[in-house]
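This is the structure I have questions about; it appears just below.
Note that the chains are named A, B, C and D in the order they appear, and that numbering of residues resets to 1 at the start of each chain.
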Amino acid sequence: MIIIMEPGATNEQIEKVVKKLQDNGFRINMNHGDVLTVIAAIGDKRLVQPHSIASLDGVREVKLIQEPYKLASRESKKEDTVIEFSNGVKIGGNNKPVIMAGPCSVEADYTGLLDVARAVKAAGGEILRGGAFKPRTSPYDFQGLEEKGLELLAKAKSETGLLIVTEVMDTLDLPLVAEVADIIQIGARNMQNFKLLKAVGKCDKPVLLKRGAAATIREFLLAAEHIMYAGNEKVILCERGIKGVDSSSTRNTLDLAAVPVIHKFSHLPIIVDPSHGTGRRYLIEPMSKAALISGANGLMIEVHHDPDHASSDGAQSLTIEQFNALMDSINDMMNKLGMNSENATVAG
Amino acid sequence: MIIIMEPGATNEQIEKVVKKLQDNGFRINMNHGDVLTVIAAIGDKRLVQPHSIASLDGVREVKLIQEPYKLASRESKKEDTVIEFSNGVKIGGNNKPVIMAGPCSVEADYTGLLDVARAVKAAGGEILRGGAFKPRTSPYDFQGLEEKGLELLAKAKSETGLLIVTEVMDTLDLPLVAEVADIIQIGARNMQNFKLLKAVGKCDKPVLLKRGAAATIREFLLAAEHIMYAGNEKVILCERGIKGVDSSSTRNTLDLAAVPVIHKFSHLPIIVDPSHGTGRRYLIEPMSKAALISGANGLMIEVHHDPDHASSDGAQSLTIEQFNALMDSINDMMNKLGMNSENATVAG
Amino acid sequence: MIIIMEPGATNEQIEKVVKKLQDNGFRINMNHGDVLTVIAAIGDKRLVQPHSIASLDGVREVKLIQEPYKLASRESKKEDTVIEFSNGVKIGGNNKPVIMAGPCSVEADYTGLLDVARAVKAAGGEILRGGAFKPRTSPYDFQGLEEKGLELLAKAKSETGLLIVTEVMDTLDLPLVAEVADIIQIGARNMQNFKLLKAVGKCDKPVLLKRGAAATIREFLLAAEHIMYAGNEKVILCERGIKGVDSSSTRNTLDLAAVPVIHKFSHLPIIVDPSHGTGRRYLIEPMSKAALISGANGLMIEVHHDPDHASSDGAQSLTIEQFNALMDSINDMMNKLGMNSENATVAG
Amino acid sequence: MIIIMEPGATNEQIEKVVKKLQDNGFRINMNHGDVLTVIAAIGDKRLVQPHSIASLDGVREVKLIQEPYKLASRESKKEDTVIEFSNGVKIGGNNKPVIMAGPCSVEADYTGLLDVARAVKAAGGEILRGGAFKPRTSPYDFQGLEEKGLELLAKAKSETGLLIVTEVMDTLDLPLVAEVADIIQIGARNMQNFKLLKAVGKCDKPVLLKRGAAATIREFLLAAEHIMYAGNEKVILCERGIKGVDSSSTRNTLDLAAVPVIHKFSHLPIIVDPSHGTGRRYLIEPMSKAALISGANGLMIEVHHDPDHASSDGAQSLTIEQFNALMDSINDMMNKLGMNSENATVAG
């Protein structure tokens, strides 16, 4: 921790800061400049609350030196985390990127869901996505089929062998969701719903954690840390776009540099959701491929058997035909670049 | 709803859009320009999902004309909502702005809490704030005293007669919190925790809803709409700063124009939290006064009996002495401007 | 300067950094933590380019400790800068806040301009604003009367005795503008047009520098530093709104906390432009008053004799009648709070 | 243009709006809803200033339907613009993506510049970049060699046959810059320096226009429109990162979706600058490749013969060795995907 004192800080104020830090077990190095004094406090940040130092008189600013997450950090674990499922699917490391695809919401029409699931399977996808519990900005929008939706997902799983990823929105629903889901999704709006993070941290299912719409990488990894600290180390991160300067050309700004940044700072796998990340159908192909080239461990893509009648996010959902064309294009690229086999990611 | 077709849209595509809208009960006005065709669909947005129109071939963009919230809108209710408590305190309309003050977190030291509560009371404040359940970015930070904290708040209430506002983070904790709180707070990070919004919507206690750190006014009012639609019309909004271009001078960018904007578009009361909104002690006085001048129906301020040892947010908490000086300055301004009595707000 | 080394940095890499810093005249303090080594380099940042340190192998991050501006900083000059004009008007310090008002663009109809100027004068305003050179987002919008506009401003000045503030967009036009303007304005879009900053830095006229739409306070003060470093210390800063998360309720997000932040870090005066800062007529009154309460040294307000036919920004311009009502309201508040005389600002 | 009236707008107010629009040559379609009246005005936006409509009483909002740029729009020109140089290099359309590389600033050491230029040439690059006039946030940073820098660039051009791209910061310097540059660069900070845009619009040299750090796609294309409207249609756009929510992991947020968005809305070529776009050396390889996969018509990359001693932006500059490795990796990818020949871009 680095403590920058105000230019006019008195010796007494400086000594008070030093004493408090020493009392808390920190080693102190003083750095007296011409204008400012800077105190370097060496030790574990958790020994003292930085804000309790920041509130002392004469302190201008407290800067953290070490990233505040531990379990999620690359420093705590050098090798990439790889999450393996009983059917052999692996997410992370140099494994072939996975495809999670399916409708935004699970709807009553099971045949449609099954058509999508079969298309995902046929195109080489591993995981069926679909929302049973739906976070909706407006109370007047479709709120999801809830339990009924979970049942349909379970049925589609048993018919296709695909794994299931689906969102949980509340601790109360977690037991229900965890029964069906192979991967439990935490949505972007709940990235800092800490009670929910702790609750999934006590599950034994892998968790897909979406980045909040205005979250820094540090906040994102701290959210993962909440889950890991509660006991669940199987966290898959998901970049899905952040609020940017232009909300009219795209729904969000897809931050693809976040992929290699996270690979540097964390050992956790990270996938990309170009459907929410752009909100425009015509952008899904270029952004899917760019995401894989950036080093993404997988993609999450919205596909609907009939987007014109979808109960949510139709405009960014692909038809089954468009999805097949996308997968052809992606597979073609991955084959040519040798990414479509194990030990395969581009930006290692 | 306004549907803008692509410049190259075919007649067939245009007709398909028109038919779908008419089938859903909309009246249609066609506007053929030289380059683009624009379709005006007149009727209730809830009759059709805009995205299901946006997904049709040949559609460039769908623009909503009417604000998508109803119950929260000024159009649905001309008069300001005033929330009245059994002890006579009123929030909203032309009533004297209320002061909510207290520590960020309730801590084990009850004497300290009581000292703060007495100072709030003595300075003319009406409501004691204090977090028992604490949303914390890091799992290593103090997470709140939970039930024990609620007990201490109840005790301080019974000794001072102040009303209590405290945060709920999860539907599971709601019964506990609702027992003690006079006002149930939804934090900024949970502004779009829709399950929680619905749950407090079924309570009979007023709800203080904080604006999310990157929420638009529309998203903010739609979150209020979730609560109101579930049955609870007693919603108090709270501006607490948004993520801005500069996170080093201030913790957040306090958006004071949101106060008169919300007074125009909604009948709900809105208060301002300059403590979180700036994160800097020296900014609390000018921003508190500016908030009141902007038309805020109240303030929420962090005060701690010993900020240097606070378990959260010490650097933005005032000491009791500083709080007293702040209240003197605020009361002096309000007295001079005639705001310290009923029928009093400045920017009507 | 604080240099944070990568966790895996070798001794050799650390020594190379230290040597380079010492060779450039820095004193070095080493801070070896358990995971990271942190090097504190004491001396003038200008002795070495921080990026040349950041590029060395094994360096994770370089953090600046001292603000990089000097002449603009409060540390270099304790007392507030006050800019005084030959007619006795003073901007800055505890002087009565000044009012700069007038049309967005100067138009061919001189009578209209004169009507506005007389209204500004009558209401107690000191300075007439009006654009002769206009930065316009679209090439199809009105680009300003240029020289002709300057002539009309000069005429209005001679008839009313008001000072003139008007924008310069290019070094080539500076001689012309400087002849007429009492204060030369640099628009938000040119805040980092460094050639223009240097050019006005060589003028002997005060400069009104508007904050760029996405500029941090540090970047803003560094832009002022460019002007001062070139020789002109008479800089007036102007907060005019930044790009925020919501561009539909307001044109920009007016950052009023910037006012007391700048008073803390700089001795330069700062005024607020609520017209561009909000882009909505109904927000000008509450935001004008809130700005003054925040400690602004003045206001810049758009007034037009006929906004429905204005050639730019009509929707945010007040009519003369609305301006008179605004000034009554502002003056009433300032009188009641004792701000309408010398030694007067609220947030000292 | 769509005009949305306030819910309480009177018939008189509505008629006044209609009359004004008709007087200006618009055809009118009325759309009376239950709550609001919406007026569709069909005709050329340039016939009337939208803000002069927005200022009329009873108007809530004016929405533009058609993009306000014309010459830059895909609608005005279906085929991609291809810019061809006398030595056969082509930028845009399906041509092989171009590589622009070189030091951030041109420095006095000509040998170093020549080493870089030769490496660029050897790796298959077409264009040497290098700043002679440098926009610098601080006046204490190196400001560029100016004329001397241009001379060195000219010399490197004559020795290698590379084309030259270099920045102009002020209209006064344009003749000098235009003499040496094959492509004149407008920096991000000058994207809305309209006088400069007009001046380069009167040159016969191609212009590389960088996106402003907070510019929307619409503002970006309107800036291009300024240049084209002044007479120069040879505009190359450049995405170089925008201000995002996280300025600590990366310098900017590289908005790669902007590439296919611009290909949809405009016929102009667009390249990507991953050096400024990320500010981190380790991100340049993955982001360069992702940019090409997104459909970029070229890349601009910083290379320095000795980044540890560079006078600007060392930390994001590659060494010659690193640049060679990058180019190997890029060329390998392009070869495998068949992009390294004409008629070659991926996302057509």
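The rule is short, and it goes like this: a residue touches a chain if its C-beta (ideal position, glycine included) is under 8 Å from a C-beta of that chain, and two chains touch if they have at least 3 such contacts.
Fair warning: this is a prediction, and the values are worked out from it, not measured in the lab.
Trainee: Treat each pair of touching chains as one step and give the shortest count from subunit A to subunit C.
Mentor: So the least number of steps between the two chains is 1.
Trainee: Counting only C-alpha atoms to place each centre, which chain is farthest from subunit C?
Mentor: The chain farthest from subunit C, judged by C-alpha centres, is A.
Trainee: Roughly how far is subunit A from subunit D, centre to centre by C-alpha average, rounded to an integer in Å?
Mentor: Here subunit A and subunit D have centroids separated by 31 Å.
Trainee: Just give me the whole-number Å value for how far the CA centre of subunit A lies from that of subunit B.
Mentor: 27
Trainee: Give the residues of subunit B touching no fewer than two other chains, as numbers and ranges.
Mentor: Counting only residues that touch two or more other chains, subunit B contributes 214, 243, 245.
Trainee: Show which residues of subunit B lie in contact with subunit A when the two form their complex.
Mentor: So the residues of subunit B touching subunit A come out as 20, 45-46, 49, 51-52, 54-56, 68-69, 133, 135-143, 169-173, 189-190, 192-196, 213-214, 219, 222, 225-226, 229-230, 243, 281, 307-317.
Trainee: Can you check the complex and tell me which residues of subunit A touch subunit C?
Mentor: 2, 4, 7, 29-36, 38, 40, 42-43, 63, 65-66, 75, 214, 243, 245, 247
Trainee: Where on subunit A is subunit D touching in the complex?
Mentor: 214-218, 242-246, 248-250, 253-261, 264-265, 277-278, 280, 282-283, 285-287, 289-291, 293-295, 333, 336-337, 346-347
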